[in-house]
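In the two complexes below, chain A is the common chain; its partner is chain B in one and chain C in the other.
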Partner chain A sequence: MAEYQLRRTLLYVPGNMPSMLQNIPLFQCDGVIIDLEDAVPLSEKDAARILVKRYLESYKERNKEILVRINGLDTKWALDDLKAILPGIPDGIRLPKADTPEIVERLDTLLTEYEEELGLELGFFKILPSIETAQAVINATAIARASPRLIGLAFGAEDYTATMEINRTKGGEELFNARMNVLWAAKAAGIQAIDSIFSDVNDMEALRVETELIKRLGFTGKCLVNPRQTDVIHEVFAPKQDEIDYALQVMEAIKRAREMGTGVISLKGKMVDMPVVIRSARVLRTARAHGMVDIIINEEDIHGAE
Partner chain B sequence: MKICKKGQAGTVQSSDLMVTVEPADALIIEIESTVKKQFEHLIRAKLEQVLAKHGTVSGRISISDRGALDYAIEARLETALQRAGGM
Partner chain C sequence: MALNSLGRQIPESFAGKKLVPYSDPWSLQPHAERSTRAIRRLSHNGSKLVGGLREAIIASGLKDGMTISTHHSLRNGDQLLNDLVKEIDALGIRDIKIASTSIHIVHAELIPYIRKGVITGFECGVNGPIGELVSKGELDCPIVVRSHGGRARSLITGEIPVDVAFLAAPYCDEYGNFNGYYGPSACGSLGYAQVDAQHAHKVVAVTDNLVPFPAVPVGIPQSVVDFVAQVPKLGDPKKIVSTTTRITTDPIGLQIAKYAALVMESSGYVKDGFSFQTGTGGISLAVAENVRAIMRKGKVKGSFGCGGITGNFVDMLEEGLFEALFDVQCFDLRAVESIGRNQKHVEMTAGTYANPFNCGSVVNRLDCAILSATEVDVNFNVNVNTESMGYLLHNTGGHCDVAAGAKVSIVVAPSIRGRLPIVRDAVTTITTPGETVGVIVTERGIAVNDNLPELKAELIRRHAPVKDIHQLRDEIYAVTGVPKPIEFEDKVVALIEYRDGSIIDVVRQVRA
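The block that comes next holds the complex of A and B.
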């Protein structure tokens, strides 16, 4: 299988700020989202897209995933954004206000046209839609299956709470149902789930608590507004050594079980069967992506041979 | 490509530059920069290259540079030209 692409940390970089853009190679995050939408005032939309275009052309030796958040497809800027930045070959587009599967399908069609024009493999440009309104949360299941280009669903709590006419709290109780809906939609479609930004860059402890929460729920990464937030999120997402040790024991135990002709075995008094194996395989793949183990887990290790 | 009216782009933040283009009979390039001493010739060469690429042969091009790299110089000049009705 393809290597698991880590997207623990996707950092927003304002599209009209050279001082931030040219630091992209230095940031330790897994990916960046260069922003042409909310971080750019209306009077600078033209300037930002030209700046990002020229920056992408100059940034050839890349060391992280590059997404660009364009303006919404219902705005007058979106098509000019795509025209300017796609020849710079970003890895994908963060699509704001992806409220319906039709909006994602429309972007998919546009990207196909550019791939043909630029001579790129079809499906090269990925899509990360923002689930950031009540409508999008309701439609999340259909949105998650709207295009094979989707790498995940990204929950946008700030806009979501605005459409709900509520305040966002540090406890996040008001986001629980929306987050679960995004998670179910993403997991059912087999794509990643990326959580919202945490806007208070001075409260690292609250960031840690929120990241631990969303990891427990099933999110695979988080967007961030400041590079200083990267370390905390990476620490939370890194598999712990005891988790890795246990996962290795589970894979060994299930191998022995199968040699004995059974699909279930006891390990230190606890039952090991298929769901435990699947979780352990996931821990090991994540650990491998973190460079913590060398072992490659293939489908036969998980499911056994026929 | 002709500069029809005044056009301005960029900011005065670090690593950026402010570009102002105005109609003129000849091509005049004025450079203010925090790194003028070391890099004026390279900044001028970049500006001339972008102007030539867009066929701009006349106009007053003034920049106030805060250590911008080539990609930013190119982008801000192009934006100013576009805003001046030249692109």
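The block that comes next holds the complex of A and C.
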């Protein structure tokens, strides 16, 4: 498993709106995606790029993950976007229209060049590719393994339904196969799967239903278009009290097991081994993010000391 | 000039009256008898109907140099004061002081009459252009800004003798019984007018809706009303009450509301017997909605809700979350409908609500109150009167009364408005002293006054973003920079009176 980072909520912030950018430190989401692509009209591409550059330079004490959605690599703006924003040290790039592994590889190469230039550790900049076309869904397995920089696959249902020439419904039946393909590809590659935005910001009930669905399927987070959606999504992803209680027992049991020199132990008649420990660690870290427990889970607690 | 205890320069006198500089919220004691007025006897079966406004003015005996009042329950829909001043002018009467319960933007129509000398002073706060022009030195007319409680006090002690009160009466009979519940100009509670009805030397009920005797329920009784005047229209119903008051959808506002609710939950007061006041702005309503959820969840049976009442509060009453609502003013249609039919929705006079000089006002019984702010400083002082240009644009309302009364007064404000920092080194004008302000809630953090150490500890225990107020100011200044101070002339154009009658601050003319 890759390093554990909560990404329940990734909020899109338009790159051309100073008032929204200024509030990034205040939003309660796990991360933001500053958008230079679809949210920015063609006439404001340059202005937004400069604004985001300045913002990143001034935002020193960060309290959440910062991704920037650049314009697609096939557009005339993409290289200028990277040149402007990477010196501001975002955590990563949300890559739109990542239809093939080659597109991801190309970004990987560009990022490597910037890391050398900026004196950053190789692999510093992460990539979150958008799986948002029929082609990308088919290529998802290869895309998920295209670069070690990948933190996950992000499903983009709005563009996907457009390329499928269908309408998106609140029930989401039309997205089922695509979502599963993205999930399988991500899970097989050991990275996260992030679900699409839900665009009706006034229908919190439908947002809740959709979030419950995608959580059951295996997604670890969701993109959102309005900070008001954060609470609902966090509530859905919040662990239940009995899950937390069980996870605490698991961590205690595995600690005892290791003291006895074994990696497997029985808890209330059920076997506790590595997958159970990893799941429990995830529950407790999520619970901590919700303020439900104070316990801090280290890598050593999960994997044991060498 | 004398310095008051908050370091503000207060002149010896203003508009011919000697001033008492503010020292603290509690110690000033009244040394007065209750104001008196002549007892009169209406001739047996005499009629009170005098005709229109002009006839009422003549009948009341209004003369040069006198003081009149109106109530502001019709808010920005009020037409009465404007019509009244036009008639006063037409009768050739000059040098009138206005001691209404508040002045709204709609009363900008009075400006020509101030220039003409018909109106020569305001014994009440003003919202809007009149204050702006006075601040700029373009209009010469002394203003004394009073809180709701302070204004009631000034009539009850007789400091401000109101010669004639012209009270808008939305549902009125020919013998002067009236209420605000029904009719085309229905406004609900007449809480502010109650004080004038009891203390003005002459009382005129002005109605656009004369109904057969008796107009019941009786809000203001026939026994205190001298005359009844009829007008075609008291005001614009659309502006008297809002059809809806809306909860904010702004994410920053919602964040502030969430923190404010956390503060209340952490205060330990949200339990059976809980009492609460909130404003009618979008954030305040969002706080109320959060409190409602907390009360429901904890099955809390509250004691009372108070202040300006909205439909949201009515819902909480009807849901059984509160035993009663004390209503000094209705803010929307649903509040008006409720007060006309529900005995648990009680009309409260401004004196009962907030006057500091009586045997205990309702604000003293408040556990938690939500208040707004234009500016806050590092000593927790709050300004709601003057805006960023230094102009007097807003009346105090119940701000300093409620802050003094409530056990936990919570000021909610965004940390930045436009480019302006809201938490600052010093506020332009002190409306409410920091000593009476418990908590400042912004989206960037929560600052707790040192006089509430237990609340601070509990908030920290709950992982709330508690910050020292200086740290909060610094974080905001880091975004906005430090604004250049506004430059003022020496001339004092308005007083900010504290609820006890001492002078907490003054407004000076802004340098051009």
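Here is the rule we go by: the second predicted complex is superposed on the first by the 244 of 306 C-alpha atoms of A that agree within 3 Å, B and C clash if a C-alpha of one lies under 4 Å from a C-alpha of the other, contacts with A are read in each partner's own complex, and residues count from 1 in each chain.
Keep in mind that, in the parts below, a residue touches a chain if its C-beta (ideal position, glycine included) is under 8 Å from a C-beta of that chain, and two chains touch if they have at least 3 such contacts.
What you see is a predicted model, and the numbers here were worked out from it, not measured in a lab.
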Partner chain(s) touched by A:63 [first = chain B, second = chain C, both, neither]: neither
First, second, both or neither for A:17, with chain B first and chain C second: first
Partner chain in contact with A:55 - chain B first, chain C second, else both or neither: first
Touch count on chain A, higher of chain B and chain C: B
Contacts of A:291 with chain B and chain C, given as first, second, both or neither: second
Chain B versus chain C as contact partner of A:167, first or second or both or neither: neither
Partner chain(s) touched by A:47 [first = chain B, second = chain C, both, neither]: first
Overlap of the chain B and chain C footprints on chain A, listed as residue numbers: 22
Chain B contact footprint on chain A (complex, rising order): 16-19, 22, 46-47, 50-51, 53-55, 57-58
In the complex with chain C, residue positions of chain A that touch it: 22-23, 26-28, 226-228, 291
Chain A-touching residues of chain C, taken from the complex the two chains share: 249, 251-252, 254-255, 416, 443-444, 462-463, 479
Chain B to chain A touching residues, read off their complex: 9-11, 13-16, 68-72, 74-76, 78-79, 82-83
